[in-house]
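Both complexes below contain chain A, partnered by chain B and then by chain C.
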Partner chain A sequence: MKIVAVTACPTGIAHTYMAAEQLEKAARRLGHQIKVETQGAMGIENELSAEDINGAELVILAADITVQKRERFENLKTIEVGVQEAIKNPAALFSRPAG
Partner chain B sequence: MKKPLFKIRQYLLSGVSYAIPFVACGGILIAVAIAFAPMGPGGPDFSHSPFLKLILDIGSSAFSLLVPVLAGYIAFGMADRPALVPGFVGGAIANQVGAGFLGGLAAGLLAGLVVMLIKKVKVPFYFKPVMPILVIPVIATLVVGFIMFRVIGQPIHDLMAWLSSWLAVMGTGNRVILAAVLGAMIAFDMGGPVNKVAFFFGAAMIKEGNFAPMGACAAAICVPPLGLGLATVLGRRLWNQQDREAGYASLAMGMIGITEGAIPFAAADPLRVIPTIMFGSMIAAVIAMLGGVGDHAPHGGPIVLPVVDNRLVYILAITAGALAVALLINGLRKLTGSKT
Partner chain C sequence: MTEIAFTFPLANGLHARPASLLQEVCRRFAAAILLRNDRQRSQADSRSVLELVASGTTCGDPCRLEISGPDEKNAGHALRTFLQQVLPHADDNLPPPVPAGGPKVWLPPVFCQDAACILPARVLAPGIGSARALHLQKTEIPLRRFAAGKMDVKTELRLFRQACRELESDLQKKAATLQDANAAGIMRAHLALIGDPGFRERISAAIVKKHKPAGVAIAQATDHFARILRRSPSAYLRERVDDLQDLARQLAEKLYGRPAARPRRPVSKPGVVVAAALAPSELLALDRRHLRGLVLGDVGITSHTAILARSFQIPAVALSPQDLEKIKNAEELIVDGRRGLVCRRPGPALKRYYRLEERKLRFRSRQLDRWKAEPAQSADGRRLEIAANIGSTIELQPAWKNGAEGIGLFRTETLFLGRDAAPGEDEQFAAYRQAARAARGRTVIIRTLDIGGDKRLPYLPLPQEENPFLGYRAVRFYAGQPELIQCQLRAILRAARHGSLKIMVPMVTGLEEVRLVRRLLAAAAAELRERKISHARSVEVGIMVETPAAALFLDRLAREADFFSIGSNDLLQYFLAADRGNARLADLYEPLHPAFLRLLFQVARQARKAKRWLGLCGEMAGDAALLPLLLGLGLDELSMASGRIPGVKTRLRQLRSDDCRRLLQEAMCCASSSEVSEMLKDFNNRSLDVGAIAAELIRLDSTSRSADEAIRELCDLLELGGRVEDASALEEAVWKRELTYATDLGFGFAIPHGKAATVKTGSIAFLRPRRPFPWLGKSAPPVRGVLLIAVPAAAHGEEHLQLIARLSRRLMHEDFRAELLSARDTDTALAVLRQCLQGS
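And then the complex of A and B:
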């Protein structure tokens, strides 16, 4: 499955990157293709391009704050959770119904 | 996950996330300037050190932007760009009428809400381009400005003024309670909205010439990161490699008064970590309050030691709080397993 994700926490120095790492690890283990954009204190890093988003079967927004440039994901299947859920149990997010 | 509470929390934290660098930058510059200035009878004396005065002024400028930035980005998080203007202006008014941090929170939420509502209005196609840069900001700013100036600004200001006069005449028992509450709030969400309420309360009292509440906050601020970092050093076997690395970072952040350093631990194990650090911060705050610790800068942790009154008690308060956290959390992990 092709997945794109965005992670963002309030301080933007720890959780944002921990969540990104967990998502990447879990995806690799389960054989999914994933790219994770981080919106931390340094701003947007590893930004998702239109090409990345085009054809993604699942969008994961793991954020405790408002996600920037959200309009990019309109009409795609999107899962919205807090950052901690992505850190604790990233694999469960891949098979969750949208919401 | 679309629950309203989750959403409101997300909005508030969005604002906080943009405001944090302003707090850190302004707070540290102010602390540095005050630290190197000679202490006069009425506080630090800048008459012979124009350069330090300059640093103080730069820091104060950064700090004064805090409430507008907070309000502006709460509104931005809610309703995107058109909400920036009413949010910032609402925050600036909160500063102006002395409604401070609480006023800023209110202004930001209000601005976001107003813009959300205006956005729902259907307008003719040819009218659309002028909505985001002209119509929405002007109308929303008028509404928010009016409410801030005429409706909620004054009551929030009065509340702050009442609090400070109440503090001035408070007895020992009440002071202990106040310190305990401030300490618990500081640790509860580690730099989040609850923490910032306590912090801004302390900072506002500095302006009123009462340095004790900030003294209690300053001691409480660094206890969670220092205590948890210390725990990973004292009980190495109870923590995994990742925790121990986070522990060093946490110690460093504790030294410079950044409570957020504790977040990785609290996120992994909130049920045990959060009560523990609240307890530790309460101890530190109460000791600081009873020992007459005063802090002249709106910042906490060992880094502000030079601008603190009763330094020995301050060090004692921080040490006691951090030790309490470290021993308690390691004890809990031993008893109930070190898995998170």
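And then the complex of A and C:
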């Protein structure tokens, strides 16, 4: 499965990157393809392109604050969770029905 | 009539000490001298300290001195000098006021458990102290009790004068013996108050004309001036009422014996003194060895009691009358002069928390002591001696306490001013020897008499001049007064047997002046030889570089002089032709003028070429913000007001001399002083180049037992490591983040973090508790490792952020966590963290 994700936490120092790492780790283990954009204290990094987003079968937004450039994901199958959930149980998100 | 207009320069207003300095100058003249404050619309007779103080003069007030009488011209000259040279420095060694604490201060969660025992307070003196409460009872001035009874004008007048004499002699003794310069200064201010003609005349008049007993007359005069002072817009002046009442109380003691005295309890074991009011004399009478703190009632931040507490480093706070009453005798107290609160009977968690804080403060002061003891040098090992400027021997002790490596300027004028005859050789010898001995091998540079037509000495007939700053002054009158100077030189030669003394000559413009001083010195030595009095064979003679002529003639002067010190204050005003006392020229009198920097550069280059030692002893030496430029000059020494030393020494350790040399070169090419100022600000703001982690930021055997303690401990480590200005400000940011949701990762690891302006450079700190504890009472596995991340508020483009992001990612890997939790020692843990941060 092709997945794209965005992570963002209140201070943008730690949880943003921990969540990104967890999602990437879990995807690798389960044989999924994933690209994670981080929105932290250094701004947007590893930004998702239109191409990335168009090719994705699943969008995960793991954020405790408003996600920037949210309009990119309109009409796509999107899962929205808090950052902590992505850190604790990333694999579960991949099989969760999208809202 | 002569009139001098000026702008009042002192931040604390015209309080007792500057007022007594002004009064001392005015007293020497027959002319009537009136201070008019055009903003407050008040006026005062300058011979009365009380009236001066009561004028309510505050910083920036436009003022005038009106001088009329036979010697008004001389008085005018003396007062101009006073306003330019003495008054602006009157508060140099005043301990800084503390930032206002109080109930608005943020408190970490550990305080919530003990909320009932916390009393909000105003901070009077910083620091933290804990001990049992020791109550002192409030007493009134009981003077009115003596209103009844027979009344004999002569007896009352005699009693009053005798009481004044006795109290004056007490105060003089205290002023002479108190080690602390601030305490001694306050005693001198009290002396001026007691001798105040306005105060004395009012009391005498009440006795003579209204037939009041001495006690009543004192009480009425005190009330009269207290009323005026209380109306003053300045809190500082309102608080002088305490000084006045303190004196009245002491006078009453002298008049009527013990009944007026407050029953005093000796502080025989550690205690926190609790009192509604505490006069300066009462604080001085307490045994300070056991005094852990002061909890007072109606006492202001600028009261002399508060200044003394800061000077003696006793934590002190003020409570509302209601809260003060809640404190029971002998109950346990914590006085927090940081957050502005008092804890009554603190619980165990709070006590443990404060123990951490006290440990940090102890560590901090040890660290400061170590820095003080270490030679001053830049980050790349360039030595730059940091010395103190003093005006009298009483300032010696604070100089060493602040870590002075020598005395770069001993102004000797104070020895000569305000007296009818010049100080004798023995008196000067005693003062110089005291300095030489106290220096214990460090060098003391004594500047020979720097006086001119603007300072009138009854025993030194100097002509009156239109322009005394460009007149017959300093070395220029030495030829006409050889005996006065030889006497000073003899005293220095004798004292030089007891330590390392050097002589510095003021206002030199050419070779002949130095040769003259050398001739006088030779004659002085010859006379001592003849009198068979032991003295040093030779003393180095240096030049104070304060005229542009001397600055541009250094190569030739170097043949006659052993060393140089730049007197930057006068050099700047002569160089830019801008009177530094003239408020309208304040923009012009600017040490950052690129032309002035070029001049300093010239001086430094010539001194190096001539292989002569070069110091700088003007105001700019003590400004840590200017230090990069001064380090860039490659000077040998900076000499400053002693309070400035710790700050300058600390800043010096962060600077690299090659960067500073480049900065100076760029500054000299700037188009204006404001351009230099901008460039300097940029330079000073640039972050220090240090890694995000260091050994001193890791503690593997922490005794912390809760999130409160762990976060506090880590913030303290970062402060002690120089990464954070104020641990508490970071603590607050970390808790604010923590309370949105806990940063416990759920596998025995917590990563509290925060972003705050107080963080200088992005850093991490790590601790492992000896006993794992649950994070914020959670049921998750107890934490075995706590890693705190601190990031500056404006962190865009911060390279450390990148590293910290990488670290956060690595923490998701169990092997990394295991490595960190099992690291044998600090070095191993440091290596693990470093390796991760470097991405290898």
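Structural remarks
We adopt the following convention: the second predicted complex is superposed on the first by the 99 of 99 C-alpha atoms of A that agree within 3 Å, B and C clash if a C-alpha of one lies under 4 Å from a C-alpha of the other, contacts with A are read in each partner's own complex, and residues count from 1 in each chain.
Please note the rule applied: a contact is a pair of C-beta atoms (placed from the backbone, for glycine too) under 8 Å apart; a residue touches a chain by one contact, two chains touch by 3 or more.
Remember, predicted model here, so these are calculated numbers, not experimental data.
Residue contacts after overlaying the shared chain place A:L30 against neither chain B nor chain C.
In the overlay built on the shared chain, the residue A:M1 is in contact with neither chain B nor chain C.
Once the two complexes are laid over each other on the shared chain, residue contacts for A:E21 go to chain C alone; chain B is not touched. In the superposed model, A:E80 makes contact with chain B only, not with chain C. In the superposed model, A:M42 makes contact with chain C only, not with chain B.
Once the two complexes are laid over each other on the shared chain, residue contacts for A:P10 go to chain B and to chain C alike. Judged by the touch definition given at the top, the superposed model places A:T66 against chain B, while chain C stays out of reach. The contact surfaces that chain B and chain C form on chain A in the two complexes overlap at residues 10-11, 13-15, 18, 41, 64, 84, 87.
Those residues of chain B that touch chain A in the complex are listed here as 1-2, 6, 9-11, 13-14, 16-17, 20-21, 76-78, 191-192, 246, 260, 263-264, 267-268. If you check the complex, the residues on chain A that touch chain B are 8-15, 18, 41, 63-66, 80-84, 87, 99.
Only residues 737, 740-741, 743, 745-746, 751, 753-755, 789, 791, 795-796, 798, 801-802, 804-806, 808-813 of chain C touch chain A when the two sit together in their complex. The touching residues of chain A, when paired with chain C in their complex, are 10-11, 13-18, 20-22, 25, 38, 40-43, 64, 84, 87-88.
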